[in-house]
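First chain A sits with chain B, and in the next complex the same chain sits with chain C.
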Partner chain A sequence: MSSLSIRDVHKAYGPTEVLKGIDIDIDSGDFLVLVGPSGCGKSTLLNMIAGLDSITSGEIRIEDKVVNDTHPSERDIAMVFQSYALYPNMNVEKNISFGLEMRRMPRKQRRERVAEVAQMLQIEPLLKRKPSQLSGGQRQRVAMGRALVREPKIFLFDEPLSNLDAKLRVDMRTEIKKLHQRLGSTIVYVTHDQIEAMTLATKIAIMKGGVLQQLGTPAELYNQPANMFVAGFMGSPSMNLIPAELVASDGEPAVRMVRKDESSMLLPVGDNPAYRDWIGKPVILGLRPETITDVGSAEQDSPLLFQGECLIDVTEPTGADVFAIIELNGREVVGRMRASCGAKVGEKLSVVFNMRHAVLFDPQTEGRIG
Partner chain B sequence: MASAVDTGVQSGRFWRVLIYVTLIVFAAFYLLPLFVMLVTSFKSLDEIRQGNMLALPLEWTIAPWISAWGSACVGLTCEGIHGYFGNSIKMVVPSVLISTLLGALNGYVLTKWRFPGHRWIFGLMLFGCFIPFQIVLIPMSQVLGLFGLAGTTAGLVLVHVTYGIGFTTLFFRNYYEAFPNELVRAAMIDGAGFFRIFWRILLPSSGPIIVVTIIWQFTNVWNDFLFGASFAAGQSAPMTVALNNLVSSSTGVKEYNVHMAAAMIAALPTLLVYILAGRYFVRGLMAGSVKG
Partner chain C sequence: MSDTTRTSGDWLRQNLPRLVLSPSFAITLFFVYGFILYTAWISMTRSRMLPKLDSFVGFENYGKLWKTLNWQIALDNLAIFGTLYILICGVLGLLLAILLDQKIRAEGFLRTIYLYPMALSFIVTGTAWKWFLNPGLGLEKSMHEWGFHSFSFDWLINPKMAIYTVVIAGVWQTSGFVMAMFLAGLRGIDNEQLKAAQLDGASAFQTYRRIIIPQLRAVFLSAFVVLAHMAIKSYDLVVALTGGGPGNATEVPATFMYSYTFTRNQMGVGAASAMVMLMTIAAIIVPYLYAETREKRHG
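And now, the complex of A and B:
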């Protein structure tokens, strides 16, 4: 059953259009992550789902009920804010139960629910404290408790982890994920951290400038990005985007790569029918760093492995791996090697290109070919 | 190098001493009238006539205080100032409470429930703060007459609330401007309505600014003379007006000690408010002025 459906939603503040026709559908139990660069309209969209801001045109449905004109408190949603928005004058218990009190739940029942949630989030010892006496992580938990206790149809999170330090962020990320798996609740989660998006989401909606770029599972976005923006946004380090010419080599489409020493090599990109029309034309080749490796760490069962000697320009050791930068068609290209592969700056290395995961983009529209 | 540091410390100490001496001199200078009032109010008339204003009483007496409170002549009646003191209390308490509450409500609406033209409304209220009292005297007396409130304490309350609302709104607006909108939104999602959000979320977090507003309003309303003299004559006059009448209506000997005691009684409530809440006053002013 479709749990949340957003149809052609536009939002304008005066003359500035912030959302330019968003269409998103998610099922009950989905974990939708909205990602995109700062200012792309993620919070705006979330506020509209919450009903905190009106939409200019379009339609938002929650469980098949149009909620365009429904007050936030009647949409059966709960929201966790970036700043947590804990009521400073109330203790943790009151904070969590305030929503229930407003809904006229009897005191005894309220107590039980709060106790239940407090136990789930392990904040029982904190119930009598004021928010100012809590650490960042504890506040975050209380904010989640306030949402959980209401048992809403949809949870909305607006960058809930961005105020935490790096370590706590990873811990809380895991906890949110566990919570989702345990409760099976529907969640819409805003972040601009693509790692958070990849790890948490069952579906990712990636936005740019008020336009939805792609909606899909994390794997879809990673492996079949709809355009160069999505390709560059997801993954770290990001996908290499190399301008190249598509040629036919033995009847198979391939891209021509010119190395630093002017020698060229042909990398076959697989036989996709859509590629035929592009032979002889310029394209953009997209290659993820982990598909450019040393010989030992290549994906052995890939049907499209190609090996070539390349000059290493720079190495960036990260511990387990080393990112090696080579030059192809005048672009810096990052490959991911094992630390033990012996890559040395200024020396040649045998590099394997795993073209099974290569994607091609139209240089004009920046959309994916095929 | 070391000697340079030394002189630095030396001159630092020198300046500090200088600053303290200056401050003490000024503090003494400003406190002198209060001191004279206090000692005079505890002296007998004879002692006052003998002379030294600054001397401590040879014989302490609280008779002037008792007389000022209960039997001194104000105008034609000789019942002391206690009735007028009561008038002032009856005037100041509702004025302060109502204007503070309305200011808080205005500040809440002007920051969290913005409507088209909110800037204009706020601008006009600010403008109201700067209208001199004298200009509104005649229109105000007409309005009071119209409402049948002329010469009553209730009328004075209305005047002070009207006049105070500009300031109280300014205080609360600036304070609530810095109050996170997300809290209001969270409460909205939790199902709280307009007044519920105000009572349960904003007002309980407004301690410092409430103190500021109460002190400000209390001092202004309590110390007001012009409105009191204009709109509430006779038995319903506030303390300030009665004090003036007391001083000017004494026939024969001027009872300086009684006057001083009465003045002290008149000043006591504001003094008390400052002592009790003064440190919140400064803190609240700072908090309100950071943003807005």
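And now, the complex of A and C:
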């Protein structure tokens, strides 16, 4: 059953169009993450789902009911804001129950619901405190409690973790994920952090300049990015995008790579029928850093493993791994090696290219080929 | 040679703030605090037309003051004026601020209009309202000329009502300022809280009553302190508008103090009344300042 459906939604402020026809459908229980760089319209879209922003044209349905002109309080949604937006003059209990009170729920029932939610979020000892007496993480919990207590059809999260420090952000991320798994609720979550998107989502909608770039599961976005923007945005370090020429090598499509010492090598990209038309033409090769490895950490069951000596320009140790930068076709290319692989700056290393996950893009349209 | 220049330059740099501040510090110390002490001393002497510093009588003048009918009238009037002035200014200021906060067009222009009376001196306000409320000159005459012959508005010359005209003029002058204070407070409230309230299903009225106005507590306090001390000090407005009259119907402590000190040859009693006013204002302002500075030290 479709829980939220967004059909050809536009938003314009005067002549400036900030959303140019968005179509998204999610099922009940889905965790949709809207992700994109700032100014891509993701927060505007969330506000439109919440009813805090009007819809210029198009249609938003919640459980098959068009809510375009429904007041925010009657859409059966609850929202967690970036600044938490707790009412500073009320204590935690009042903050959580305010929405219920406005809906004229009897006091006794309100108490029960608040107690239930407080227990779930482990904020019972804080109920009598004012928001100013809470830490960032505690405020975050209270803000979630305020949303949970309403038991809405859809939860909306507007960059809820961006005000927390790095460690707490990771903890709260896990907590949100647990909560979603336990309650099975439908969630729409806005963030600019692609790691948050990858870890939390069951579906990601990636936006840029008011246009939906791709909608899919995290794995789809990661492995089959629709275009170069999606490829570059998802993943850290981001995908290497290397201009190359597609050639036929033994009847199979391959890309020609020129190393720093001017020697070239051919990397077959697999026999995808769509590639045939591109032979002899320039393409952009997309390779994730983890597909460029040292010999020991290569994915052994991959049918498309190729080895070549490459000069290491820079190494960036991260502890577990070391990111080695090599030069291919005049571009800096990042590979992900084991820390113990022995990569040294200025020396050659035997590098394995796992071409199973390689993708090709059209340099003109920036769309994926195949 | 160069060493001594450097040290004298250093000395100057270190002490420049003190040097610059010291004249005004000395002047304030002498003319404000010195004369407060001087007045306090006079209030305990038998001074009549001129200060007589050697005739100490203790608190006799204060006793006299509280038995003076005029002082009682002045206090009654202050109670009426002060209460209404603070209340109406506060309510009107808040109301105007809320209305202006509705994202209306030409807000800057309207804000200026409401704020402008504050730029006038109370003397100008008093004189303008005196003309406007004068039955033979202003509102009443105009209404009569337009044909409303039964219209009557004689508060200015009615001893029972004259103090309320002072309230009207005072409110007209100050409510814009209070509005500006409240407006600044309203603007300081996080926009997301209002969105959250909307999602929680609170009506506009409930949002203001339950969420916004409780957050303006500090503004209410500031407004109260500003208005209260203005009410107690108010002198020029009364002098320009009613001159304390008709009779002594609009006598307030400040006009009482002036007339006893400088025209009725009762300098001792006048000084005593000045001290009572000072204590009253101090009772309002000192706790406020204390709370303010303590808050800053904490945060």
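The rule we apply is simple: the second predicted complex is superposed on the first by the 370 of 370 C-alpha atoms of A that agree within 3 Å, B and C clash if a C-alpha of one lies under 4 Å from a C-alpha of the other, contacts with A are read in each partner's own complex, and residues count from 1 in each chain.
Here is the rule we go by: a residue touches a chain if its C-beta (ideal position, glycine included) is under 8 Å from a C-beta of that chain, and two chains touch if they have at least 3 such contacts.
The shown structure was predicted, so the numbers you read here are calculated from the model rather than taken from an experiment.
*Asks:* Should the superposition on chain A be reported as showing a clash between chain B and chain C, or a fit?
*Replies:* Once both complexes are aligned on chain A, chain B and chain C clash.
*Asks:* Is A:52 in contact with chain B, with chain C, with both, or with neither (first, second, both, neither)?
*Replies:* It touches chain B and chain C both.
*Asks:* After lining up the shared chain so the two structures overlap, which partner does A:13 touch, if you call chain B first and chain C second: first, second, both or neither?
*Replies:* It touches nothing on chain B or chain C.
*Asks:* On chain A, which stretch or stretches are contacted by chain B in one complex as well as by chain C in the other?
*Replies:* The answer is residues 50, 52, 71-73, 77-79, 81-83, 85, 87-89, 98-99, 102-103, 146 of chain A.
*Asks:* Once bound in the complex, which stretches of chain C touch chain A?
*Replies:* Within the complex, chain C contacts chain A at residues 190, 192-193, 195-202, 206, 210-211, 214-215, 217.
*Asks:* Sort out for me which residues of chain B touch chain A in the complex.
*Replies:* For this pair, the touching residues of chain B are 180, 182-183, 185-192, 196, 200-201, 204-205.
*Asks:* Which residues, counting only chain A, touch chain B once they are in their complex?
*Replies:* Chain A residues touching chain B: 50, 52, 71-73, 77-79, 81-83, 85, 87-89, 98-99, 102-103, 146.
*Asks:* Give every residue of chain A touching chain C within the complex, in rising order.
*Replies:* Answer in residue numbers: 50, 52, 71-74, 77-79, 81-90, 98-99, 102-103, 146.
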